[in-house]
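Note that chain A is present in both complexes that follow, paired respectively with chain B and with chain C.
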Partner chain A sequence: MNQAEVSKLMSQLRVSIPKKPRRLRNPDGPEGRLNKLRKTVSALVKHERIELNSARAHEARGYAERLISEAIRHGDCHKATMDMANFWMVEKQLVHKLFKVLAPRFVNCPVSYTRMYKAPRQYPGPVTEIRRAVLELRGNPYPPVKPDMTQNRNLIHNVLLDEAKKQYRYEKYAQIAAKLTAGESKAEAKSTESADGNQKEHTATVEEPVDTKEEK
Partner chain B sequence: MIPRILVRLEVLLQHMEHSFPVLFGTKPPPSIVSLVASNSSVPISSNSVEPFSLKDLIGDGFLWAVPRNRRTIEKRLKRKFGHPDYVWKLIKPKTTLRTCNQCGHDYEVGLLCPHCYDKVRKETELIQEKIQKELGLDPVDKEVIVLYDGEKGEKPNEQWNGKRIVEMQRPRPMWFSKNLMQKTTQPAATTEEAKPNELG
Partner chain C sequence: MNSVKSHFLRLSTKNNVTKISKKFLSTIEEQGRRSELFSLEQERQKQNVGRIEKIEVRYLGQPNDTTLVMNKGLSTPYNCAQHLTLLHCNRSALALVDNHTPWDMHRPLEDSCTLQLLHFTIADPHLVNKVFWRSCSFMLGAVLQECFKDEAQLQLHSFPSPSVKSGSFVHDIFIKEPSWTPNKDELRTISAEMIKLAAKNLKIERLDVSYDLALEIFKTNPYKKEQLPFIKRSSKAGTVTVYRVGNHVDISRGPMISSTRQLGRCTITSVHRIASENNGALYRVQGVALPVGFIINHVAYGILEDRSKKLNSARFPHEPYEDAIVNMIA
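Moving on, here comes the complex of A and B:
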C-alpha cells in the first residue's frame, strides 16, 4: 500500500462542481473567460458579498472555494499556492487578506466557505431574463441575506433543547421532593407512627410535582 | 321529422317522373317536381333549362383561392388555445408565489424575498462603500468589524483587539440585530458541562 490517498492530495470542496466548466461567452475566448472569473473572484474576496449573473457566480464560486482551501492547507510559504493567489487576486492587497484574514477565519469551518442565493427577479419579467445570484463569503460583517430562523421554536434542535430542559426540571423537582419527604419521614419517625403509612405518603409526594408540571 | 318526410316525398316524385317515359313514350311531360316547386301560373318551356356554367357567374372577373375543406374541431381549438404542454395561449395561474414571513410581501419560491433583499442590499452597499473608503489600498490583514453610532464605547477596547473597526455614522437599523456580533467578540465558554439555565 505505497499508493498515496487520492483524497488527501486534493482539496475537498464543500460545494458541488459541475463536470464540465461552463463556457461563459466571451469575445476573447477562454482567456477572456478566465480574466472575467479572476475579476469575479477578486471582487468576492474584496467585498465579501456580490450580486452577479447566476452562471458566472456559480462558476466563480468553485474557484474561490478551491483558492481558500489551498490557502488553508498550504499557508503562505508554499510557492505554488502563492503563485495561484497571485494569479487569482487582481488587486494584490487581497493576497494578504486571503492568507491573513480568510484562512484563519475558515480554518475550522466544517461547511462551505461561500454561500449563494438566487436573487429576486422582476415580476413578471421577460422569459429570457438572465438570472441573478448573490454570492457571499461566510462570516461577513453585513446584515444576513436570509432572516435568522434560529429562534424558531419549531426547529428540531429547539424542540430537543426544550425537551431536555423539561426533563432536567423534572429530575430537579423529584430530587427536591425526595429531600422533603425524607425530612418529613424523619420527623414522623420521631413522633412514633407506623412505617406503612409513611411509605405511601413517600410515593404520593414524589409524584406530585411531576403531575403539576405536566398539567402546565 | 318533417324534413325526412319531405325527402321521402321528393324521392317518390322522382321515381314517378322516371317511370313516365316507360309508360307514355320517349318524351316525358313537364316535370311534376318543378311544377310543384315553382307553384306559378306561367308555363315552363322545355328550352329554358340550360347547363350551368361558371362564365355566366364570373364574367370578366377571376376567383381567389379559398379553403376547400372545413378545419376539424381539434385544429380549430388548438389554433385558438394552443397546447398546454407546448404553447398555451391562455393565462396560466402561477403556483410558486408565497408570502414572506418577515415582511408580508410576495416572493417566488426558491428566490429571495424582493423587499427583504432590497433592504439588505442597500445597507450592504453603504457598508461596503464605507469599508473601501477606510481600507484604501493598504494590504488587508485584519478582520473588519462594523459598528454603528454609540457602539464603540459599549465594550472595552480589548474586545476589538486584532480587528479593524469601521464606524457607520448612523444609528443601527432596527432589523440588523446586534447579536450577530456576539460570536466574534465573546470568549469561548470555559464550562464543560452543558446544562440548560433559566430554571424555575
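Moving on, here comes the complex of A and C:
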C-alpha cells in the first residue's frame, strides 16, 4: 500500500465535524460564507468567548480547532500553516497570538481547545427565534459559564458522594482486617494442626508395634 | 374543643367538616378533611391579623441590598422574592431572618428584620441541605399516603430528624401487612409518584395550630395522637407546627423548602421492616434525592442509590425511651 495514512496527514480533532459543511446562507454566496466564518474565528481568537447563532458557532468551531491544532503541530516556521493563519486571521496581529499564546497554551491539552454552550433565548421574544450559543476557548480569563459544582464539597451531592466514599473505604478496610485475622487464625490453626498431626503420627508409630506385638 | 369546632362551623359555608367527620372516611376523604381544617385555620389566622401594619424588611444579597416595605403578619419571604426576580422566587429554598433564624419561604414575617434568601448552591449550604432532606421525607409521606389502597390501612408514623450524611431520607409507616417486601416495580412506582408530585409545583405551607385543633386534625391516626402531647410539652407556646403539601398535612418541626418543584432526581430505594404491630408492621421507607438543577453522572448516582438501600439507623419508632419522642419527629 503506497497510500499515506490520512490520520497522519490531518490533525485529529477532539470535536465531531459534520460530514457536509453548512451552507450558511449568505448574499455573497460561498465566498461570503467564508468571510463570515473568518470574522467569527478571528473574533474567537481575539475575545476568547463570543455569543452568536448556534449554527455559525458550530461551523466556526471546527475551523478554529483545526487552525489551532495545525499551529501546534507545525509551528510558525511552516509556510503552509502560516498561510492558513494569515487567511483565517482578519486582524494580522492575531497571528502572533495564535502562535505565541494559544499554541503553547494548548500544546499538552488532552481535550478539545474550544467549548460550546447553549445560550438562553431572548425574553420576551418569539419562541421560534434562532438558537444562540456561546463559543469559547479553554483557559480563558473569564468566570466560568456554568457554575463549578465540584469544588464546593458542602453541596448536597458532594456530601452524599464523600460519605459514600468514606463508607466504601471503611468496608474495604474491614474486609482486609477480616482477611488478615482469618489468615492469622488459619496459620495458628495450621501450626496446631500440624503439631497434632505429628503427635498422632508418633502415637501411630508407637502404637503399631504394640498392635503387632499383641497379634503375635 | 367545641369552641374550635363551632368557630369552624361559622367559617365554613359548605359545612363539610362536620358532615364528613361523621361517617367512615376513605384516605382521600380523610386527607380532604385535614386539608380543609388547615385552610380554615389559615384563613382564621389571616383574619386575626386585623388592621394591616407595615414592616421594613432589609433584604441582603444579590442583585443589591434593598429595603422593602411589607405587611406585618401577611407578607412572606416569597413575597419579598417576588419584588426581586423570578429567579429568586424559583430557586430560593429557605430564608434566613436576622442572619440566624431559618424561616420558611411561605411563612408570614412577624416584624421588621433583615432577610437573606438561601438556595442550594450557596457557599455553605448545610442548612438548606438539611431542610431539603426533611422536605423529602415529608413529601415521601404525602406520596405514600396516596400510593396505598384503603385495604392496606396505611398510617404514617413519623420521620426522624434529617441527616444527609446517612445517605437516605426516611419515613416510617404502618401497614396492615406483617411481612411486605416491595418488588422493583413497586419501588419505581413510588419514585415516579415523587417525581409527579415535584412536577405539580405545589407550595409547602406552614401553620402553627393549637393542640386541640391538632388533635382534631390527626384524630384518625393513633401514632400522631400519641406523639402530640409530647410535642405540645416541648414547644414554648404549647402549639403544634403542621405542614401541608397539596392535601397532605403532617406534623413537622420545620422548616421546609419552598415548593415541590425544587425536588429534582429522586429514587425510593428500599423498604425495611422494623417492628411488628398488631396484625401489621412498621416499615421504614428510604430513598435518595437531589435538588433540581443538580445533574450528576448516572454511575455516581447509582453509588448513592446503592448506599441508600442500607437500613438507615436514625432513631427507630419502637425504641423505648419516651423523652426522645420529640427528637424523633423532625
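The criterion applied here is as follows: the second predicted complex is superposed on the first by the 142 of 216 C-alpha atoms of A that agree within 3 Å, B and C clash if a C-alpha of one lies under 4 Å from a C-alpha of the other, contacts with A are read in each partner's own complex, and residues count from 1 in each chain.
Basically, a contact is a pair of C-beta atoms (placed from the backbone, for glycine too) under 8 Å apart; a residue touches a chain by one contact, two chains touch by 3 or more.
None of these values were measured; they are calculated from a predicted model.
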| item | value |
| --- | --- |
| First, second, both or neither for A:C109, with chain B first and chain C second | neither |
| Partner chain(s) touched by A:E163 [first = chain B, second = chain C, both, neither] | second |
| Which superposed partner A:N154 touches (first chain B, second chain C, both, neither) | second |
| Which of chain B and chain C A:A178 touches, first, second, both or neither | neither |
| First (chain B), second (chain C), both or neither touched by A:L94 | first |
| Greater chain A contact set [chain C / chain B] | B |
| Interface residues of chain A shared between complexes with chain B and chain C | 147, 161, 164 |
| Residues of chain A defined as touching chain C within the complex | 147, 149, 152, 154-157, 159-161, 163-164, 167 |
| In the complex with chain B, residue positions of chain A that touch it | 46-47, 49, 51, 93-97, 100-101, 105, 117-121, 123, 134, 141-148, 161, 164-165, 168-169, 172 |
| Residue ranges of chain C in contact with chain A within the complex | 120-121, 123-126, 129, 132, 164-167, 288, 290-291, 294, 296, 300, 303-304, 307 |
| Chain B - residues contacting chain A, complex | 101-102, 107-108, 110-114, 116-117, 120-121, 123-124, 127-128, 131-132, 137-146, 166, 173, 175-177, 180, 195-196, 199 |
